[in-house]
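Note that chain A is present in both complexes that follow, paired respectively with chain B and with chain C.
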Partner chain A sequence: MTDLLSRLPAIILDGVVLGLQFGLLAAGLTLVYGLGGVLNLAYGQMAVISAMAILFAVNAGVPILAAVVVGLITGGLLGLIFDQTLLRPIYRRQGEARVLLSLLLTLGVAFMVDGYLNWNDPTAGLTIQIGGGPIDVFGVPMRRGSIVGSAIVLAVFGLLFVFFRSTVLGRAVRSVIEDEEGARLVGIDPSHMLRIILVLSGVLAAVVAVTQSMIRPVTVTAGFSITVLALIVTVVGGLGSVSGAFLAGLILGVINTFATSEIGTFLSLIILLVAAAVTILIRPSGLLGVRE
Partner chain B sequence: MLDVRQLAAGYQGNDVVHDITFHVDQGEAVMIIGSNGAGKTTLFRAMCGLSEPSSGTVVFDGADVTGEPAQRIVRRGFGFVPAERHLFPRMTVQENLALGAYPERPGAETMEVVFDLFPRLAERRKQHAGTMSGGEQQMLAVGRALMSQPRLLVLDEPTTGLAPKLAHEAYEALAALRDRGLTLLVAEQQVPLAMAFSERGYVLENGVISLEGTSEELAADPRVRSAYLGLS
Partner chain C sequence: MTERFAEATGTSAVGGTEEHAAQALSALFVPIIAIGAVLALLPLWLGDSRVLMSVSVLGLAFAGYTVGFNLIFGSTGQLFLCVGALAGLGGYGAAIFADTAGLPVIVAILAATVVSSITGGLLSWIAVRRSLGVIFTGIVTLIFALAFHNLVLGLGDLTGGESGFLIESGRDTFLRSDAPAFYLMLALVLVYLVVHGLLRRSHVGWAFRALRDDEVAAELAGVDVARYRVLAALIGGAMLGMTGAVYGLTQGRVSPSTYDFAEVDVVVVVMLAFGGIGSLFGPILGAVTFTVINELLVDLGHLRLVPYGALIIVLFLWIPRGVIPTVGDLLRRRRSPPG
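Entry: the complex of A and B
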């Protein structure tokens, strides 16, 4: 017991680091679902492609900061390409048919991307090294990569909150999530908002790749596990809610770290799924989801 | 200002309204009365671009807007308040109103005009739209539509779900707008209220316009008296 108590600060801090990553993972996915009713199962692959773009740039001798910018642009472009091609036939459908078609098409793309990347170079992986020794946080030595990664996630969430609360465009996006017909009646074009959000979601996927790679390598096969984790966090946080994604990410991050440390890695994903199932049983629309 | 000719519309190829022809002139207050299921909502949705009409034309301010999506028609100065209101429930009164002015940042004067008309909204400006009463939501829906400074305001059953006293107040507010020169078109099944408010009207029955005339003419018509006014 005293043992657990002495480990607790480290578990919580590691949990917060992981949780921030989880929250960022979910943010890009939840926005696209909330706005367009499109579940993008190739979301993790968008992050991996962005990571590979960064890797490519770094190997070509581009300085790391510029390479990260290349990655962010790649992510945004991927979102734009998705919106202009794959999602066109999906938008033409409504309700359940739209969700199903989006699942099938994006899953197909995810398999193709995974297949290509594996064939191309199965060992490729992006690691961004943040130099220097561990930093002491509340008596717990934390790796610099974790701290910088977490700081970036917090800054991104800060920007997202300012965007959605205080800008005309951000409010317009929210209005489409709240009531699409109401948004059209004030002159907002939902498909225009969806395009902006897909680009944003692509950029967020690229940020995920950057911050993840500061903590552990982002490999060519990371796509599906990113998507699955993002889905779990999205469901717990509530579809379409960025603050829900943030909150759910933190909670699940701490739960996951606790499970890994005290029970074992092999059970941690199952425990996450149980936490998601319990949340849905108690609150079907997630922690901060819009009630249907 | 608004000229609808031979409009037909419905759902999935089945027309609910047929051969609808009517017009609204600048500065007029016009009503379309009809019972539940007569086709008022179908007609209005097709007219303002929320659904596509199957035939006919809609001309607004001299421009053919038939089949144009609602988000474009609205920006021409054609305000529409649907019966279900379609507010943004998790945004405050103020945010709802501000979005009404999209894509502009809302002018402070316009918002003051709305608050003058509906002082209740000013008291509740920080409250979420979804937590307000039916009457307040109706005020907010009208207020949001006014934020774009429309030249024509179209309302589908503005008294839906309102107690008689609130329904009265809703029409008092609309009368105030009419007296300021705003052109108004309402669909209504509470016929006495609409009649006291408008100069002219049309009767929509089973998807077609069966009667038209000034409010006095309609009020004197034996069919209207028995079917809508409960008089014999």
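Entry: the complex of A and C
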């Protein structure tokens, strides 16, 4: 017992690092679903393309910070292209038909991206090295990459909260999430808001690529697993809720790390999945979702 | 009474309404026999090529999966994203029952089918009890599928882990030769079609349609929505499990990738959505079309996913409801011009 107690700080800190990644994964997906009722199954591929853009820039001799900016712009552009092309026909449908069509069309995109990247160079992978030895946090040695990655995620969530609480644009976006007709009546153009959110979601996918690559390589085949993980965290947190994504990410991250450390790697993923399933069954609307 | 039900449910694959029950039954069996006859000729044409025969057997397995998925999703609106997992339960179940437990092959297949069926029913029961919507049912079953995949990898002593399970049972029998395996799978698919077709024509099909059109209205009209959903999942789960079990035995090996989510569920959803969700023959059309497309593109290696993905996008923009319902509407409009 004392043994577990001495390990607990490390487990919780590692869990928080992982959980922040989980939360960030879900943020971009949950926003697009909340606003447009669109499920983007090519979300992981957006992150992978951004990672490949950074890799390309780095290989071309661009300094790493500028390369990251290239990646973020790529992500944003991908969101914009998605909004201008595939989203048009999807948006003409309502309710479940819209979700199903968005699911199928983005699946097609995911196939195309995976196929091309895998054919082009199956071994490509982005790793961003953060130099220097481990840093002590509350007596636990933490890898520098994990700390920088977590700090970026926290900053991004901070910016998102400020954006949605305090800016006119952010409030306009939230008003569309809550009541599309009402927002239209007070002069907010929902399709304009959707475009902004898609660009934002693309940038968030690029941030996922950046922070993930500080912890482990982002490979060309990572797209699908990123999407699935993002989907699970999104649903546990509540569709459309950014704070829900944050909370669900942290909880699932800590559960996963605890299970890995105390029970074993193979069962830890199953425990994570069971935890997600139980949450959905107890609260079908998610932790912080709105009950319909 | 039967006549009234037949009338209420007597929509054929292309959506025409039959006059009375006898005609309705022939409208069911004639197309199934026709499909069976055409597909039965395939080995005569492809028989020399082992590769093409194994592609055809896999195509039939997918036809079986898609019929089962259609019964669960198309008929009762439960998005089961664990098609591969339920099939894998059948495949690994049959392998373990036959090899490890030493049961006769046919008993092993049936036992594995029961396991898949009950698992499907249980998942459906949970979803119904918690009144989960389409997306949430999808996520919960997806989570089940991922957990199953990890269990198979983790329980390496029982399942052979990553490298798979080599099945000893059924070796040197007709199961492992090309043509008999093909006809066995074909027979399974045809039986599934008959089962689904008869269900659609019975009071069960009437309940399916009612609950899919408007769940609340169906419940108010006295349809026990929960019961029919679980029933559909039990039958569909059995179809998935049996297909997975028989396919595994014909291959002599089951591995995690045989029943992987990306390899099975994604393909099955695309096949069904192409043929027409809820239409009786949509699964066959989808399975045949995408098996052929996949084979035509096989030389491209990984790059084949690019035209495959582009095709998915174009198809669903063009015919979002699937081929059979769209063509059915066109035919009906031509037969009775508006006005």
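Rule of thumb we're sticking to: the second predicted complex is superposed on the first by the 292 of 292 C-alpha atoms of A that agree within 3 Å, B and C clash if a C-alpha of one lies under 4 Å from a C-alpha of the other, contacts with A are read in each partner's own complex, and residues count from 1 in each chain.
Assume contacts are C-beta pairs under 8 Å (C-beta built on N, C-alpha and C of every residue); 3 or more make two chains touch, one makes a residue touch a chain.
Because the structure is predicted, anything quoted here is derived from the model rather than measured.
Enquirer: Looking at the combined model built on chain A, do chain B and chain C fit side by side or clash?
Expert: Result for chain B and chain C: fit.
Enquirer: Who touches more of chain A, chain B or chain C?
Expert: Touching more residues of chain A than the other partner does is C.
Enquirer: On the A-aligned overlay, A:10 touches which partner chain: chain B = first, chain C = second, or both, or neither?
Expert: neither
Enquirer: Once the shared chain is lined up, is A:115 touching chain B (first), chain C (second), both, or neither of them?
Expert: second
Enquirer: Is A:224 touching the first partner chain B, the second partner chain C, both, or neither of them?
Expert: Second partner only.
Enquirer: Determine, under the contact definition given at the top, whether A:140 touches first (chain B), second (chain C), both, or neither.
Expert: Neither partner.
Enquirer: What is the angle, as a multiple of 10 degrees, that the CA centres of chain B and chain C span when seen from the CA centre of chain A?
Expert: Result: 90 degrees, to the nearest ten.
Enquirer: Looking at the overlay, does A:80 come into contact with chain B only (first), chain C only (second), both, or neither?
Expert: neither
Enquirer: Output check: A:69 vs chain B and chain C. Expected answer is one of first, second, both, neither. What do you get?
Expert: neither
Enquirer: Taking the superposition as given, tell me the minimum C-alpha spacing from chain B to chain C, whole angstrom.
Expert: Minimum C-alpha separation, chain B to chain C, in the superposed model is 14 Å.
Enquirer: Using the superposition described at the top, list the residues of chain A that contact chain B and also contact chain C.
Expert: Common interface on chain A, chain B vs chain C: nothing in common.
Enquirer: For chain A, which residues are in contact with chain B within the complex?
Expert: Residues in contact with chain B: 168, 171-172, 174-175, 178-179, 181-190, 290.
Enquirer: Taking the touch rule as given, give the residues of chain C at its contact with chain A in the complex, in rising order.
Expert: On the chain C side, the touching residues are 126, 130-136, 139-140, 142-144, 146-147, 150-151, 153-154, 262, 266, 269-270, 273, 300-306, 308-313, 316-317, 320.
Enquirer: Within the complex, which stretch of chain A touches chain C?
Expert: It comes out as residues 39, 86, 89, 93, 96-97, 99-101, 104-105, 107-116, 118-119, 122, 224, 228, 231-232, 235, 239, 266-267, 269-270, 273-274, 276-277, 280-281, 284.
Enquirer: Contact residues on chain B for chain A in the complex?
Expert: 48-50, 69-72, 74-75, 80, 82, 85-91, 95, 98-103, 105, 144-145, 147-148
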